[in-house]
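Each remark here refers to the structure printed beneath this line.
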Amino acid sequence: MTDDFFQPVSGITLARYAGVPTFMRLPHLPPGHPRRAEVDVGLIGMPWDGGTSNRPGARHGPRALRDASTMIREMNRATGVEPFKAMNIADLGDAAMSPVGQDGALAALTDTIRAAVGDGIRPLSVGGDHLCTLAVLRALGGPPPGLVLLDSHTDLFPPYFGGAALTHGNPFRQAAAEGLIDPARSTMIGMRGTAYGTDDFDHADELGIRIVTTDRMLQDGLADTAALARERAGQGPVYLSFDIDFVDPAFAPGTGTPEVGGPTSQQALTVLRALAGLDLVGADLVEVSPPFDTGGITSWLGASVLFELLCLMAPQGRSFKVA
Amino acid sequence: MTDDFFQPVSGITLARYAGVPTFMRLPHLPPGHPRRAEVDVGLIGMPWDGGTSNRPGARHGPRALRDASTMIREMNRATGVEPFKAMNIADLGDAAMSPVGQDGALAALTDTIRAAVGDGIRPLSVGGDHLCTLAVLRALGGPPPGLVLLDSHTDLFPPYFGGAALTHGNPFRQAAAEGLIDPARSTMIGMRGTAYGTDDFDHADELGIRIVTTDRMLQDGLADTAALARERAGQGPVYLSFDIDFVDPAFAPGTGTPEVGGPTSQQALTVLRALAGLDLVGADLVEVSPPFDTGGITSWLGASVLFELLCLMAPQGRSFKVA
Amino acid sequence: MTDDFFQPVSGITLARYAGVPTFMRLPHLPPGHPRRAEVDVGLIGMPWDGGTSNRPGARHGPRALRDASTMIREMNRATGVEPFKAMNIADLGDAAMSPVGQDGALAALTDTIRAAVGDGIRPLSVGGDHLCTLAVLRALGGPPPGLVLLDSHTDLFPPYFGGAALTHGNPFRQAAAEGLIDPARSTMIGMRGTAYGTDDFDHADELGIRIVTTDRMLQDGLADTAALARERAGQGPVYLSFDIDFVDPAFAPGTGTPEVGGPTSQQALTVLRALAGLDLVGADLVEVSPPFDTGGITSWLGASVLFELLCLMAPQGRSFKVA
Amino acid sequence: MTDDFFQPVSGITLARYAGVPTFMRLPHLPPGHPRRAEVDVGLIGMPWDGGTSNRPGARHGPRALRDASTMIREMNRATGVEPFKAMNIADLGDAAMSPVGQDGALAALTDTIRAAVGDGIRPLSVGGDHLCTLAVLRALGGPPPGLVLLDSHTDLFPPYFGGAALTHGNPFRQAAAEGLIDPARSTMIGMRGTAYGTDDFDHADELGIRIVTTDRMLQDGLADTAALARERAGQGPVYLSFDIDFVDPAFAPGTGTPEVGGPTSQQALTVLRALAGLDLVGADLVEVSPPFDTGGITSWLGASVLFELLCLMAPQGRSFKVA
Amino acid sequence: MTDDFFQPVSGITLARYAGVPTFMRLPHLPPGHPRRAEVDVGLIGMPWDGGTSNRPGARHGPRALRDASTMIREMNRATGVEPFKAMNIADLGDAAMSPVGQDGALAALTDTIRAAVGDGIRPLSVGGDHLCTLAVLRALGGPPPGLVLLDSHTDLFPPYFGGAALTHGNPFRQAAAEGLIDPARSTMIGMRGTAYGTDDFDHADELGIRIVTTDRMLQDGLADTAALARERAGQGPVYLSFDIDFVDPAFAPGTGTPEVGGPTSQQALTVLRALAGLDLVGADLVEVSPPFDTGGITSWLGASVLFELLCLMAPQGRSFKVA
Amino acid sequence: MTDDFFQPVSGITLARYAGVPTFMRLPHLPPGHPRRAEVDVGLIGMPWDGGTSNRPGARHGPRALRDASTMIREMNRATGVEPFKAMNIADLGDAAMSPVGQDGALAALTDTIRAAVGDGIRPLSVGGDHLCTLAVLRALGGPPPGLVLLDSHTDLFPPYFGGAALTHGNPFRQAAAEGLIDPARSTMIGMRGTAYGTDDFDHADELGIRIVTTDRMLQDGLADTAALARERAGQGPVYLSFDIDFVDPAFAPGTGTPEVGGPTSQQALTVLRALAGLDLVGADLVEVSPPFDTGGITSWLGASVLFELLCLMAPQGRSFKVA
């Protein structure tokens, strides 16, 4: 049972553009807040883009997504899930990540997530660039989760720029090397665009990660693609990472390395909903870059993705038939 | 038979970006103009957004749509319809709606539409927010028309903001209460996004209005969805209302309450064309909000929607086979 | 003496673009918060533009200004004032103003301000459009303050749009009629642009309000203009209202009714600082309209204006000589 | 005596963003209109940029300026002039200039202006790029006027691009060669920026045109600079051409060849007003390029410039003391 | 075998946003460069929009496309083709086309292309507006190629604007008249939007060119549509022209005459790839207009289209199976 | 004597928006080019923003400035200087700075500059954020130069973000500590905005650097301010660093940490020109951040600043009297 304390500020009593913007208009529970122990899922900002190899700006993502997320209402019209009734959800604030100094910033994020996990909170983390996900995975503890990645890139690239160990191009190569994910239960969906070569696909093959390109996904169908990922993940713990560049830049221009030829927002939401049933120990949305977000539509899409992720993290919602 | 007077200024003789911009480059016939009695369909601006609960700006819609509509040519390539040859169409100007004071503004609009209807003109109204449609319905007279609504929202919501009777969230709830539409012949297509709950869908059920969500429309197919609406509407009078947020925000960012996961513009135009055959006593396009219209693409889409609406209002166009 | 509780979140420990954005990164003390009684000055959002006669959008002002204000540091480099050390300042949240229904919205604002004043808090209100100021003045209580207005318009216009009593064009006409300001101690600075006629200037003359146009201000000098306003205000209570359209649209494009030919931001800040010494019972910044704020520079300027207003409301700051 | 017919649509009865946008909300009197003979000054659009050597887009200027000009009210607050009371002014529509084919387009413009002049109308022409001015000068007839040019360039450049005779870089070189202006009574104000060399300044010297650079203007003072131009022009006919790039790009980004380091809008309007007393046979505003006009502020400034030009063309306005 | 000299600057050693931007980071080989004889395919800019009937700006296309193309990596993930390994490709610079004077500009382009062809280089030309294609076709020499056009317009329109012979609306009418293309082997794909009438379709019928509208393409399927074009083209030489307005404006807002209701970028790339096997003597991408390219997404798409065109021009790439 | 090789591509023969964009349309001489030894002044890009504490994006500065700089003509109209005739100037390309890893990136820049200096080239470096300047100073060699800084911040701040040694907030604190500048001959001009406190000003006092705030500069006059800096610098070597945030954000919105209340572009150029006579061993322009550069006006201003810096680095130009 939930508590009124954990309900979003209603759009009926205070207009949605009004008030201090927290994620989803939920209560703000920074570290030390007395009610953190009651939280089931915590939204945590990762305002950092220090691993970005191309256009920066994802450090501004959490604020823009807080703003856009105040438009989100309580019920998922497509599935009937009401996450705020099903769980106690809160805005836990942002990790204090320095814009300079990669190691310190990632360590600060790992500490922040670890503290939340220690309080029994499953993290829904909001980037920031994709290298943040590595710091989150380091904090989860427990057996390595299967990974479901929705992204136009594998982020399995070898180090580049003269050997820089970590960029937003290789969090999963590093995570696999550190044993933080279970490749055999992992699926990467949405790859497309030009490539440096086959190194990353080859590496996925070696690790045992399954890759489904955008074209393959559209040929096989969205439902079957999601079913494949669910089947591979099985019953164990899963981490779901959603890079906004999974979606075509017409729907998500505000990102650092867009790739044309991607799915529509309708297709993206459909895939997400078809992933219901995973045992999610955490999830994230990354790579929303507000300085490149013409008209703010990327943030609006990102806020909807965050809501769908909350629905996926919720226990079986009450059924509500539409259409 | 039409008259040269009612033909759009040709793009051959005067470049399309030149000249005083009226809707579709048609003659401007404000109230009192001697030739109003010859008009079959009148484009009427509704520059008002006093019912808007979220982002305002639709008051600027008519001007932006006049501007964009000067790009529209004479023939519908997809259907062969030539509305300007089939009917006398004119720009009747804007209703004088005060930006402050809801009752007065709506009354002024009702008066303006009623005057046109009294002159034997069918209105194609250009918003402005969706609450304007209520004022139009009040002016139509005659038996209550069936409603075909293309929108991502039902606009059947209960009053909110402490009981404010009328907002752009409830024109059809109020219209039904006033007996201005025939629910049994009404269909609402395109609903999606997060919801406050099921109140609006439940109310539709009670009234007997049929709702087809975006996902349902895409599963059933565009042609079958349109056929359902046509079948429900039957042979009687119909009013068609097109809220630009029916379309995905990648195609229509310039609106107050966008909902991601919507149809493409190609799908939207296809549905519209498949509605041919309705006995339209009026139609409108609403919720284009230029301040949020990055690059003006929403206005371009809106102008094309207006043209399709004109084609739907035209008597059977001459047949012209393409492809 | 201030309390660490009332200090802004430091930019040293958390990057300025990170965290939940409150005004100036100050603590958020909504109604009912146990520490409100300790607050000296409260920032209160007025997210409403229901009096706007031209381009809307000021309802989005408080959120944009919260965002931009997180860039403000602790000390006024020009004057040495450190307002957060001199007073307890807090973000009191937004008034719950319905976007539809003018009377209710203004009453809700008056109630919100009155509650703050009742708690011994001087309000620094953040618009929203200029009609909000009327609701604030109604809440202040005490003897009518002198008014210092920085604005390109007098906002003393007769009712228009068929007699609508209240718009953002006449809050001060109404305030004078209600005895809420003391005309003899009031000065309006910055008027320019095209005019309907001389009605508003004539009305100012009748009331005894002194008007200083932009051109006159630049000819007389900024210091002398401010001195005139200070002299007229004398020792009694004063209310300072800053309409962002006081500044030229090159510096403040994000507003509803810009007037070209205005002062620079450097001139605007200089005038503000030269007003030091007024006994301010309240102040506001209004008419920042984010949908028209290309590049967000208006919000940055607005945040700086809010900081200068805080400095003016502070007790004599400690002296700090620069350059 | 003026006629109600020639008064702008009032902002009191119809909101300024509403209605079909003509210049200044004046009546639209295309060629052949029965009341053209009553017009004193006619606003004529020149939607053409076929002489543009750098960034195009000025062809869209007339429409954007019509839109922005609907914000202009009736009285000049700075000078008290009320041009719509002092003269019959109308929107004469746009010249039918083909976007391809320079000779034909310029000839069409010359014909359009000549027809207006033949009707006893003084033209206030609205560009369009600066080469349009040549076509206007060809149409004026009568003794060659002195020229007052406000511009950051002399537009006296030799032919370039392999000998193309005419571009927007040389209308006045050509006009002088054709005897269309009187160099001895001509003054060019505002030149600045990088230069190809001294050819254009040398040519001005040879012709006897006086050049006042931006820096010189700011050193000498705005009043003295205007006085110099008035003195040189003397009592004979004068043509005033205002290139929007006279103003700094912070105030007028929407132009093809901006030059930084220019005057503010306040300085620009002050110079214009100080030119009162010239015997203007025509005037123009050119080089507003909407595709580059971030936030539309250039069009707002341009509309104000058009209003000031109307005031300069008006017979001595009634006196109205401000500040 | 290729040469390191002809490899793009690596994104591993120099970040993609760094360095002097040439097309695809390839070497810049202007006329006279000693290694031009080694070039197989040359990218040539056509910075000109003098045939544009509506919104200009395509003259800025080559520079924006150079910038965006630096993001392109070496391998086509969808097909495995590696064009930079398969051929020597270079940036040959821009043709020196004067912005004023149509004949001279087109002649200069024809000369530039002819020189490249004379050096044994197949041109991949980058517009610029579509009239540029006429000048390219004039330079190719050899038997007239079949044309494959991807475009929302036929560009077969009769002269307009008072008889101006050539605009971007009729390059192919003129090319056919000059015998520069082989109509019997030509296919035009993607037509949609409003039409002046049936003149252009009728003319295609007379010539023997096959037209496939957007709706027809989506009904028949992308593969079948491409197969039809390949079949019609047969084994002879083919020229492929890609007008960016082939794609829906949500994906390509930066163009002069967008038409809503078009294919997605994913569909566009799929059609392109399905055209593999044509014997291309040249290709182009035209009508990217940066001033209207909100957020730059059109240039990103355009850069990807250029890459796909290079892949189509490459000899059979090595096979690489994905998904 | 200069060489045609080192002259910019003429705008007469190739339109300024055409061609591969190098700085000022100068020849591109990357390391190893045979003619580097002839270069007097080299423009070097520093595409890096890894020291940025707030809004990133300056890594994109060099490309945007190359683009804008193609608009620069050959002669300084205000001073008559013709730098391309007075010196051999070239575009030396960008330093290969990795976006991740601060130490490596700064070292790479130091190496790049040192190589140029070793070739006898004085560097005009183009940022990139202000921390780049530290790497440049490390490369200059010779006796420590006096510093003339035009900036709204001192960049003398203590380390922050938990002790991160180097950010764009402290290059000059570090440079002084390393003995890379001569404080007694250094002047910092333009400081304004809110401050953390007096630490930076106190540190300047201790070092012996003179600070002139924006307000002080405007009170003392631009000429006297420049004279002070020249006098302090004396006859020895000087380094001039221009942070674009010296100018008000209305003129330069495209920067990471703008401060309102700054000088106009006209005032900024005037100060620069008044610095003529310094013995410049190098100079830079930093902090242009294209993602925030609405309409690109910051890049246009930046290009003009680069040209003025070239003029300051030139030997006594030939005299040319204007106005």
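The first chain written gets the first letter, and so on, giving A, B, C, D, E and F; residue counts start at 1 in each chain.
As a convention for this text, contacts are C-beta pairs under 8 Å (C-beta built on N, C-alpha and C of every residue); 3 or more make two chains touch, one makes a residue touch a chain.
Here the structure is a predicted model, which means the values were calculated and not measured.
Because chain C and chain F carry the same sequence, their contact can be compared by residue number, and under half of the numbers here are used by both.
Taking the mean of C-alpha positions as each chain's centre, the chain lying farthest from the centre of chain C is E.
The chain with its CA mean position farthest from that of chain F is B. Matching residue numbers shows that A-C is the pair in D-F, B-C or A-C whose interface repeats E-F, with more than half of the contact pairs in common.
Taking each chain's centre as the mean of its C-alpha atoms, chain B lies 40 Å from chain D. Look at where the CA atoms of chain A average out and do the same for chain B: the two points lie 38 Å apart. Centres computed as Cα averages put chain A at a distance of 55 Å from chain D. Residue positions of chain F with contacts to 2 or more other chains are 13, 15, 17, 53-55, 59-60, 98-99, 161-162, 248, 250, 264, 292, 294-295.
Taken as a graph of touching chains, this assembly has some other topology, since it is neither a line, a ring, a star nor fully connected. If you check each pair of chains against the touch rule, the ones that pass are A-B, A-C, A-E, A-F, B-C, B-D, B-E, C-D, C-F, D-E, D-F, E-F. Residues 13-15, 17-22, 28, 45, 47, 59-60, 62-63, 66-67, 91, 93-94, 96-99 of chain E are the ones that touch chain F when the two sit in their complex. Taken together, the chain D residues at the contact with chain F in this complex read 53-55, 160-162, 191-198, 201, 211-216, 218, 248-250, 253-254, 257-258, 260-264, 292-295.
In the complex of the two chains, the chain B residues touching chain C come out as 49-57, 59-60, 98-102, 104, 161-162, 164, 166-167, 291-292.
Against chain B, the residues of chain A that register as touching in their complex are 11-13, 15-17, 71-78, 248, 250-251, 264-266, 269-270, 294-295, 297, 300-301, 304, 307, 320, 322-323.
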